[in-house]
Each structure stands twice: as structure tokens, then as C-alpha cells.
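Since the structure comes first, as C-alpha cells, the remarks are kept for the end.
As written, the chains take the letters A, B, C, D and E, and residue 1 is the first residue of each chain.
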Amino acid sequence: MKRIAKANLAELLSAMAAEAKLYVPAESDGIVNFVSWQEGLAVELAALNVLVPPKKFFYPQTETVLKYEMGEDLQIEDFACKAGEKAILFAVRPCDVSSFAMMDKVYLEEPPDEAYRRRRENTTVIALGCTEPDEACFCQSFDIDAAKAPGADVLAVDTGEELALVAQTEKGEELISALNGLLSEATSGDENKVKDEQEKIADRYVTSVSLRGIKERLAGMFAADYWERLYKRCIGCGTCTFLCPTCHCFDLQEYAAGNCGERIRCWDACMFADFTQMAGGHNPRPSQKERVRQRFMHKLNYFPQQHGDYACVGCGRCVRKCPVNLDILEVIREAGGGTDGL
Amino acid sequence: MPVTNEGFEPLIVAFCCNWCSYAGADLAGVSRMSYSSNVRIIRVPCSSRVNPSFIIRAFQRGADGVLVAGCHPGDCHYHSGNFFTRRRLTVLKQMMEYLGIEPERFQVRWISGSEGAKFAMVMNSVAEEIKRLGPNRKLRDVR
Amino acid sequence: MKRIGVFICWCGSNIAATVDIDRVIAAAQKMSGVVYADQNKYTCSEIGQAMIKDAIKEYRLDRVVIGSCSPRMHENTFRKTVESAGLNPYYLEIANIREQCSWVHKDKEAGTAKAISLIRTAVAKAAMNEALFAAEMPITRRALVIGGGIAGIQAALDIADTGFEVDLVEREPSIGGRMAQLDKTFPTLDCSACILTPKMVDVAQHEKIKLITYAEVDKVEGYLGNFTVTIRSKARSVDLQKCIGCGECIAKCPSKVASEFEEGLVQRRAIYTPFPQAVPNKPAIDRAHCRFFTAGKCKVCQKVCPADAIDYEMADRLLTNQYGAIVVATGFDTHKLNNYGEYAYGKHPDVLTSLEFERLLNASGPTGGKILRPSDGKEPKTVAFIQCVGSRDKAKGNPYCAKICCMYTAKHAILLSEKVPGSKAFVFYIDVRTAGKDYEEFYTRAYEECGASYIKGNVSKVFPDGDKLLVRSVDVLSGALVELSVDMVVLAASVDARADAKELAQKLAVTVNAHKFFTEAHPKLRPVDTQTAGIFLAGMCQGPKDIPETVAQASAAAVKVAAIFSKQSLLGNPTVAEVEPKLCSGDLSCMAVCPYGAISEQVVEERRGREMVPRKIAQVNAALCQGCGACTVACRPGAINLKGFTNQQILAEVDAICL
Amino acid sequence: MKVITEKINYNLLREVEEVSGQKVSACFQCGKCSGGCPVVWSMDVLPHQVLRYAQLGLVDELLHSKTLWICASCQTCDSRCPRNVDIPKVIEALRLIILRNKGGNYLHPNDLPARVRENAPQQGLVSAFRKYAK
Amino acid sequence: MQQKVEGYPLKEYTTKICQIAKEALENREVTAIIGWRKKDFWWQSPVVFLEDPADVQQLVWDPFTIYSPVKFLLDWQESCAAKVGIFVKGCDSRGINRLLQDKRLERERVAVYGVPCGGKADAEKIRASFPSKEIKSVTLIGEELVLAVGEREERVKAEAYLLDKCLSCRHPNPVVYDKLVWEEVSPRQYADESRFARVQAVESLVTEERFAYWQRQFDRCIRCFACRNTCPACNCRVCIFDQAEPRWLGKANDPADTLNYHIIRAFHVAGRCFECGECERICPAGVPLQELNRKLIKGINDAYGDYEAGLDPTDVPPLGTYRGEDPAGFDES
């Protein structure tokens, strides 16, 4: 374990930026997002979750897949093999770190998504352990220890005046050793302090849900009246899906002009009316009811069936940001374990 | 004038109503009035046919300036079309300027079928202004 | 994929001199969808057109792009060319590489680059061109003429003479209008009645004309070829079928009221015909002044009627008829002189309007054609004619020139000198306007031969001065003050649009100008048409004009009507708006901006789940739509599109230009 | 009198219109003003001629005319003018222009209290200027 | 002037609302009620749909009954033929007029219960002063906000904790209703001045600063369409932005296309936006959309005469009409 005074953070960031493209959480107009770090930028360490989840670094909202030109012969330029600039993500919260594992199940399963794989491989993730969840945080219910982030390359823990840094992977070791000049070795006192901080958090949650039996309950609920009641206040925006660290559905679009064209991949949201719109006009999910059902079924039933895990990390973004307060907490409580409100 | 604009040939999309401004352009041609070759005309039946989306699209695709030209108020071939144009495009123009787009980028002018000289003059002055501004970067698509 | 053919015209050297045609052809061949590109020295020539037709067949072209002169020049020519080769004429697209390229750009490099860009744009649009077909509409071959003055009479006769049915609606009990009030007409001094009365009789006797007097238009619906008009036939209280026109009732009627026809100079009865030569020459009861209708007893007319034609129970009737075209000929009102206290009109009996003076001249008028002073019945020896009363007066009258006053005043001066020997006319004018065949000569005659004194000076005030009238003015030309003592003053009152012109315009969905004169479709080239297809204008209702102009316009309107009626069916404009029902929200913002009333609401049945549900959406009447496209922008979801200029086409053009 | 190029003051019309706020160019010389003027008998230049000279830019004719000082601003003319020209205002403007050209008024309008300026009759003011003019 | 505000504890208001809903359902005047209920946290009062009179106890009126229930009427009306009862605040009621003017609502199929509103609370402002996790409840009593925080009760001046949009609200009282739930309140005095304050601030910047300002705002846009979907003026059955042929808006989140979206969205509500401010409030990325909407309102008012949307459903919005003598925002020579 290494440590550095928070007062010297800028130096550390500067050194990291020399290693790779560095992204840090920063505030602008009241909104915290991951942005590219540059000298003088104030890093926001107090905020829990940034607005747009860091999945965007592996799976950008918009990316070019290929470009082509039609002439005598067709020329195609592939962009996937160019993806993956060396990068460091600093201060990713443990729930978001957990989401990477979920995304990996989608994009790294055979055949892997080349662009995603390259970005994932070339990015070093530094997690920032949480000490104080807010009322919308419920990662604990998904067995995520918010103080720790086993999936991260490096774990940072805020001990007040200092940050403690623990390398957890080979990539992490490399980074730490590269930064060694700026770091000092942690004492056993520091280690105890970190341990203390990490232990406190378990009791600081005010919100939890029981997932017991939810997958099974939902399996039988496809035709339930419940959805009829639930969907009514959904306005079909993409807030929940775009802000969800585990939502991963995309659309492919063609931007053609004359004899040239570009194919792009961009985030899409199952909440949108045109998500399942087919060329002939038919839409297998004709109303918001089917769309809302799809989202929660996917998160709590289909995804666990396919991949063994729920597609939710309890980050609470949807709880905080849904304009109509229609969130996964409500669905788990009403449809899931322990609650008989159906 | 910034040095970077030297040699810059802007692309200007002009939506011209068929009855007045397009006819004005024809008259400028018949009268052999030379004007900037940066202008490309799209013929529409009436200036009220010009959807703000067309204008934004032109900027997105790389136009450096957009002009909408129609009959003078009261002379509309369709009686009232340009009165609606006037309100709509006033609102659009105000908004674009508010969002930080230079006012010269998007212009609306009334040019009648008999104003060939005015057509040529307007085209030249628009081209001149856009040249001075330099390329449109604010509204241009990245792809 | 479309198979597009591109044809570049040299236009001799007009295009070829500043555009490198070979390079344009080479570029066109690489454009998406283009399977053939060629050039011709004169594409509009027979050889050029043949080349297009051959290429369409040989290369199975389904869209054609021609780079040539302005589409405003040869679009129709080339549409026919592609049509004769079996394609829809709207598969053609023209790139204007002459007026908007070769003629305005001197630099060959720039000109060539622009020509390529214009061709590319036209190709992009052509690829999205759809086959368009003009809607075919049946025609009701019956015309409605509104107004039975000389304009309406002429229009009705001319339409009827081409063999089509006409209904002529007149508000008053008789047709004849203003012209019937006149004595002589300038510049020939023809007797007005002598030339008008035969036409009135022709109208009454024409088998194709149905005369509907004492009636007004209530409601107009429909469009060119298919108007539905409701006419309110006012209760005449006299059964026209039974009435023999003997006049017994008029003679015995006890109620008297100022005669409108005689401009109030004499009185008429409550049951009356407006004038002796009325057509139909059968009376009507003016209920507002009839003793029976106002006081509840009398019925003298009923008692004396030998034909039992009086019907006090008669009510207004609504007649609804179909018409294919409408001619509006509602005439004018004379300007009210309330604002001109300085001329003492209404304060002194010998101050008259020109129309009142006209009645004094008329042999069937109140004085039997003698010019006599209303005050004492004596012949006036000196008469002051004041021009522009209410005309050219933006302060308190009409800003426009009434056009006829200069000429009728010259006529009055001439007639005065003829009827009152030794008399003297003073004409106070601002400018004298005599544009018209033989008009200047007529005016010259007034001052050269008939002794009229023309004084350039607007009269400032008329003072009653015993049995004389003191007229104060200035002679602008000499700078002398003028103060004349005259026996009579005649005011050339301006002409106004009918007070209710705007109401009628709204019923007809046509427009009026600021002075309530009906607006023509184009001030130069379509002076008879309105903006609404199938509705035409004749006479003063469109603006001040004299009798020959009125008659000419009426005949022109008749030809326009006949031209419509001579067609088998009507072909609409194919570039009309069209609603995509799936996208339409039914909020009808489109309707608010349509100047033609072409958009209405319709209910469609839509499948929702297993049931069919009704929903209101917009629909376009292709017959009324003129294709401006204002609606397409008002429609936020883009549900209403304009054929020939679709959103898709224009966006494709934008994209191609910016490539 | 004769109108020759040198005599024409091209700024006069604009200046008169600016000072008077009246559209002098709207006058089409109908003479109705002159015909009705109660003091016209004593004028050397008739009201319509005043407007004509102003239109033509004939300064001298106006400068030396008595008419400008005879006009009583009774407004008979402008109540009848078909072209909406307030002739007394035009004449007032001409008086002002002449007085200005003479230069150096003893009394400057700004010396007057604002209330007097607004409410005093124009005639009174003009008299004051003339009286106190150098 | 002391403004007249909600005078008694909110519990009594809630009772009133429940009572009206209960009667309407029991008397079968309506088959359903749209109102607000309380959810997990103190700051959540989402819209609720009730059909059973026994459920009306769920209804609440509290400082967070912010979200407009109005737009749900569109879906409700399409899926159900019966009459529905709806509680509306001043801003919501203008949404009703919006839908009526757009012919998207049949007035006789809605029973409108108008709720005069003294303003709603801004959870962010409260969180800045009190620990969110410890807040149990927030109540508005008179001009005071009463918070139960942990075990203690805190009383603060409400104005400092109200939503900005409520501070510039001109019509706190419903403008259309069948029944007024309680007596009207008077609008805030300073509403007029604050209405265009932010617009004027941005207007005073030079072109490049304005562009930088808006670029920073739109950069955060995630293209979730929440602003559109929440807006009662955006009531098209198929939004132009959702159409594929032609594609008016690219799906890639490109800066120029985002600008395209925001320009056209604002243009489509020009003269129709009734200033409920929900687009801005619910924007997850904090884009100040109301500033854009109000700029257009200001421009239209200045050029074509004052017009307030959502007050009279029978008039024609400013862009659907014209006058011959209209001024133009461009060179008309």
C-alpha cells in the first residue's frame, strides 16, 4: 500500500497524465462528469457518482465502426483496430467498477468486440472507495462492497488528508511503480486507518432491497397486470438507460454522402419508441408497457439467466435522475423478494 | 481580415422562392450580372416552404452561410406565405444569434423577380461577409 | 436503384463558353445512380429532344436530369419530352446551369465546378422524384354572376352566348346598376339608357340566363369547378309569376320615401320599381317603409292588384345551387361627404353630387332632363364643378384617384353648355387625367368649344350667399385668388368599394385591399382572376374604372369562365401537399397557415390492437391546394409534405450541394 | 422670377421637413390652402406657393416673403389639406430656419424655462426671438 | 406586499384532495384520478393513477408534487374512453390548454381539479443545507418550510428553498378547471423581473462568449430526450426526431447534431411554450433549456406583441398567424 497527501494530488495526476490519457471527475455548472484532465483542473472527489457512467470509455456513446468509399472498387477503413488509446480512469466508484465486469460479459464473450477489448486492455482503472453512501445508493444489496473494488487495477481510499493506493492487478502494479517517486510507503497505522474506513461503510446505508427470488418471480410475470400499472407514468426518455452503467444496447447508423459513407455505433435506449421499430413499420414493442417491462426483465431476469448476474450495480443514478421516479428499486420491491405487493 | 481566410471559398446555400427570388436570379443571369460563384440555389415554391431544419442541415453538412430569399411582403405569389416566413425566420435567426452563431451566417432577404441587380448584389455581399467570417465550424458535423 | 440519365446542353456557346462540358459529363458519370450522360448543342431543339427520348429507351432511364437554361424557361417543354418517351413528366429535373451559372460566372474553373455541383444536386433530387399526377375534377358547367350592373350583365351575356348556363344575382329589385342612373356616357355622349336597356332585356330573355333579383349571396363553399352557393332570395312580397307589372299598386301606395335611384332628389313609393325601364319590371315592397309592415294596416296594394300578386306572408328563401365558376361584379358606392362640411353639401340644396346632377340631366329624371336648381327651380347660369372630392385625399377621404371624375365632369360641362345656353361652367381641378381613347379630345372640347373655365385650384370653401353660392379658391397657375359667385355647385364625389365588400370577400375566400376593393391575382398579368381559382372579377368592385374598361373586364371574365367550362374535366396542380396519416397528430397547425382553405379535418379509422379506432387528422383538398408549402413547416412532425418539393428531396439537395 | 440651378438650395426641403415634421413633398399643389386662408389677401406669396418654393429649394423667394410673418397659424388650411400637410408648422419651420440663418439670437430657446417652452404659443415665441434678435 | 400563500398545514390540503378524488370516483363522475403520491424518499412525489376509491389515501399534496400529470392524458385518452379526473397546478393547467389548443385533448373527457400553488421546493437547495439522509419529511406551512431532520424540527423561510421556476411563476393559480380545490393564491411580486433575467444575462455576452456558454451546456446533453418527452407542447404522435425517413436528426451524439436538436426543439415550441420549466428541471445534465425557451418568448413578445401561451386554447399561436406590418429580424430593404 502506498500513500500520498491529497495536497499533492495535482502532481500525481500530472505524472499519470504523462503516462496515458487521464480522465478524472470534475464539476461544471453543478454537474460532475469524467473529463480529460489538464493542468489546473479541480478534481471532484467528494461527489459519489458522476453523471455519465464511465462505461463510455470502453463503449462510447458514439463511435465510428468503419468508413467506406465506393468507386471502381469498394474501399473500407476499419476503425475497431484503431481503438484503445492508453488511458487512466481516476476515481471510479466501486459500483461503476463492478459494472465493467458486467459489460465484459457482453462484449468480451466470444467473439469479443474488438474496439471494446482494446479499450479495456489499454485502460487502467483507479477506483475510489466510498465511505458515505447516500440514500439512493444500494450497491450493498448487490453484494458490492463500496469500500473496495476488486475489479479495479488500483484502489484508492480517502483517509481524510491522504489517499491510500493499493495496486490490485499487474496493470495497477505497473502504474504504481511508474508513479513511485511521488508516493510514500504506507505504514501499518495507515493500513489500519484504511481498514477502519472500509468497515464503517456497511452500516451507513439507509436503502436496501432484497433480491431473493426476484429472477424466478419475474420469470412468471411476463403477462402480469403489474406492468400495466407500472408503465403508465414512464415518459419514455433515455435517462435511465443512458445513465445506467450496465445498459449496453446500441444502434448502428449509416451516414452516407455521395459515394462515401461512415458507419457508426451509438447508444440506444429500449425506452425509445423507435428502438424496436422495424423497416416495414411493425413494432414488436408497440407501447411503453412492453418497453418498461423489457428493461426490468432484462436487468433482473434475462441477463441473470444468460450471464449469471443481475444487470444492476445499485449505483442509484436512475433513482436520483428519473423524472417520474420510476426506478429499479420500486420494481425489485414490488415484484421481488419479500414484498407481496402484487 | 485574418490571414487564415485568404483563399477561403465559402459555400453558400440559397433557398429561393420560385416566383420572385429564383426569377430574380434568372434575371441577373439574363442581364449577365456577374456574382460570386459560391452560391448554390435550391428552388422552392415559396419561402414559407423553407423548414428551419433545412437551414440547420445545410450548416451541418458544411455550408458556411445560408440565405433564404422570397418575395417582398405583400407580393407573395401565395398571398401570405412570406408573412409566415418573416415570423418563423425572425425567431430562428434570433435564436441562432443567441446561441452564438454569427448573424451574417444566416440571412433572409426579399428579392423580387425584377430585382436581378439586387440579387447579384445580395449574393456578393453575403459571400463577402461569409468570407470575412471564415468557415462555419460551430454548426458543422464532425462526420 | 434509379437509372438516371444526364443531358448537358451547350446552349450554343451560352453555356459551353464558361463551362467545361466534358468535365461535367465525366463527373456526372460517376454520380450515384447515373447510368448515362451525354451532351447536345441545343437540347431544346428537335434533335436534342430526340436524343433524350432515344436514350430513355436505349438505356432504360427512369429519371432524367437536364443541365440547361432555367426551368422557368423550358421545364414544360422537357416534361413533354420525357412524357412522350413514356415516363412521368415529373421524373424530370432541370439544373439551371445557364442563368445561374454560365451567364453569371466569368471564371471557367469556378463555373465548371459550380455546374458539376448543380448537376449533382439535380441528380440527388431526381433520384427521389416520384410520379405525380394531376387530380382530375368534374366541372359544374353553370356560372354565378354576382351583381347586375353593366359588368355583371356583360359577363352573364358573354358566358350565356358561349352556351353555358348563368345565374345572375342582383341585390336590388332590378338589374341595371349605376349605368342605369347615368344620362350620357363619355366620350361619345351616347345615351346611357339607349345602350344599356337592350342588354338588360337580353338578359331577361336569354334562355341560358336565370335572373335572381332582390337576392344576395349568403354562403360559398367548394372550389373551382364545384362551388356550392347559398343565395338568399329576399322576400319581395310580390309574386313575380302572377304580377303583370301594371303599376296600379305603385300609383295607389300611400307611403313615400326618398328614391335611391334618383339619389334622393324625389320620392318613390314603398311598393316600387326602381326606375321605369326596370328588369324585371315588377315591383317589390320595401318593408321598412310599408305602412302595412310598419303600422299593421293598409293593404291598399293588395286591394288594387288585379293579379292577386301581393303576398305579405312571403319569407326570405334560401336557394342552394352548384356552380363551376363565379364572377364578382358588385360595383361601388359613391363616397359619403360627411367629412366635407366646407362644401356646404346638405346645407344648401343647390350643392349637388355629380350623380345627382346626372339625374337632373336625365330625361327620365326628376326634372325631365332640364337642369334646374333644386332650391327655386331656375336654370343655373353659372355652375362650379369641384373635382377630387374625397379622392386623392389621404387626410379625410380616399388616397386613390377615382379615375372617372375628370371625364364625367367634362361631360357635365359640355352638357351644361348645351342644355343651358349662355351658361358658364367653372371646373376646379387638381390635375386633369384623360388617358383613354378619345378622352383628351373630349376634355379639350369642354374648354375649347363649350366655354368651360378650368381653374387649377382645389376649392377651399363654399359659402351660401343668398340665392347664390360663393366659391373660394385660388388659381394656382396665376397665383390669383378666386372668389366666384355661382348658381350651383357640383361635387365630384369619389368612389368607394361597397361597404360590405369585405364580408362578401370572406364568404368567397378572396381578398380585398386596404380600401376594400377585391384583389386581383396579379396586378399586371392576372387582373381578372382572384387568388382563388374559379372566382373572377369584373368592374368597379376591383378598383375604379370606366364603362369601357368594365365591359372589357367583364368579357374577359366571361372568357375565363368559358375556358374552364370548355374543358372535359379540370386538371389540378400536381405539386400539392399531402398528409401522411401515421405522422399526423391532428392539431391542424397546417390549417391556420393555408391561404386557400385547402386543409380540413377528416376522421380516419386506425387499427389499435384488435379494434379500429377513429382519429381526427388533416386532409388536403388537391383541388384547392396551390402548392406553396407553408403548411409543411407549420407541421412539426413533418406529416404534411409537398409533392415535387418533399422534405426528402430538399434535404437530398442540401446534402448534395454540401458534398 | 426664374429658376436656375444656382438658385436652388438642395437641402432646404430636407431641412424644412426635418424641422417641421411635415411631409412637404406630399403637396400636389391643389391650392386648397390658399383658397381658404383668411389672411391670404395680405400675402405676397400664397401658402401653396410657400410649399412649392420649399419643394423646389428656392430660399430667396421665401426669405424675402412677408407671408411667413403674416400667417396667423389659424390652421384653416391644414384642416382642409387633402395631403395631411400641417402648413402652419411648415411656415413656422421656415421662420426658424430664416432666423437661424440670420444667426445669433439674443434669446436662446434653452434660456426659457421648460414649461414656458412647451406651453407658450409659437407666435409668442417667434415674436420674442424677433424682438430680441440682434 | 405580503403574498397570500398556502395557509394551513399540508395535511389538510392532502385531505381536501383525497376527499375530492374519493367523491369523484364514488359518484362515478370519473373512472380514474391522476394526482401525486409519496414514494421512498422525502423528495419523491411522483404522479399516480388511481381507479379505486379505496386507494385515494395514497394521494398527497406536498412541496414535491412538481411533475405535471397533464401529458399522461394523451395516453390515457387513447387507451380508455371514460372520463378521467386530474389535479393540476397553475403551470399544469396551462398544459391542459396547450393540449386543447393543439386539439390533442377532448375537454369533456377530463375533469380538471385546479390546485392553487404557492410554489414547490427544490431538493438540491434543501440538500445543500440539511443532510439528505436524515430528512424525514418536508412540509410547507405558510411561508415557512418545516423539515423533520433526524429527531429535530427545522423551520426555514421557504423562499430560499423554492424551485427557481416557481420564483418566476406568473400563473400560480390554475387557468382552466372544473373545480377549484381551494382559494387562489396571489402571484409573486417579482415574478416579472425574474422572468427574463437569465436571458438578458446571456444576451449581454458577445457572440463568441455566447457560443462558448451554450457549447458548454450542450456538451453535457446525453440526448435522452427527457426535455421533449416531458414537455406538454411536444405532443406530436411521432416526433420528427424519431423518424428515420427522412432522418431529421442523426442518432450519433455529435455536437452539431445536438445543437440541431435543441434549435429545432425550441423552434417547435416557439410561441407555444407556456413556461412550466420542466424541461430544464428534469434535465439530468442540467442544460438550462428554459433560458432558450424564454429567449424565444421574449423575442416574439418584442416583435409581435405580448403573448402568453396556455391561457386561451382558442387563439392562434404567434407563428400560426401574421400581420402585414410585422417587423422582421433581418434586413427587409
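Here, a residue touches a chain if its C-beta (ideal position, glycine included) is under 8 Å from a C-beta of that chain, and two chains touch if they have at least 3 such contacts.
These numbers come from a predicted model, not from an experiment.
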- Which chains are shared contacts of chain B and chain D? C
- Item | Any chain that touches chain C and chain A | B, E
- Mind having a look at which chain is the central one, using mean CA positions? B
- Task: Please flag the chain sitting at the greatest distance from chain E, going by CA centroids.
- Result: D
- Query: So which chain is the furthest away from chain C, centre to centre on CA atoms?
  - Reply: A
- Considering B-E alongside C-E, which chain pair is linked by more C-beta pairs in contact? B-E
- Approximate Å spacing (C-alpha centroids) for the pair chain D, chain E: 62
- Message: Quick check: how many Å separate the C-alpha centres of chain B and chain C?
- Response: 35
- Query: If you average the CA atoms of chain A and of chain B, how many Å lie between those two points?
  - Reply: 46
- Message: With centres defined as the mean C-alpha position, give me the chain A-chain E separation in Å.
- Response: 31
- Query: So which stretches of chain E touch two or more other chains?
  - Reply: 238, 240, 248, 250, 252, 254, 319
- Can you tell me which residues of chain C touch two or more of the remaining chains? 582, 593, 634, 638, 647, 651, 655, 659
- Query: Touching pairs of chains, which are they?
  - Reply: A-B, A-C, A-E, B-C, B-E, C-D, C-E
- Message: Quick check: in the complex, which residue numbers of chain A touch chain E?
- Response: 28-31, 33, 51-52, 61-62, 134-136, 206-207, 229, 232-233, 235-239, 241-243, 251, 253, 255, 264, 266-269, 272-274, 277, 288, 321, 323-326, 329-330
- Touch list for chain C against partner chain B, complex: 70-73, 96, 98-101, 103-107, 110-111, 113-114, 117-118, 121, 511, 531, 575, 593, 595, 626-630, 632-634, 638, 642, 645, 647, 650-651, 653-655, 657-659
- Message: Can you tell me which positions in chain C touch chain A when the two form their complex?
- Response: 30-32, 120, 582, 655-656, 659
- Message: Per the contact definition, I'd like the list of chain B residues that touch chain A in the complex.
- Response: 61, 143
- In the complex of these two chains, what residues of chain E are touching chain C? 78, 102-104, 235-240, 243, 245-246, 248, 268, 316-317, 319-321
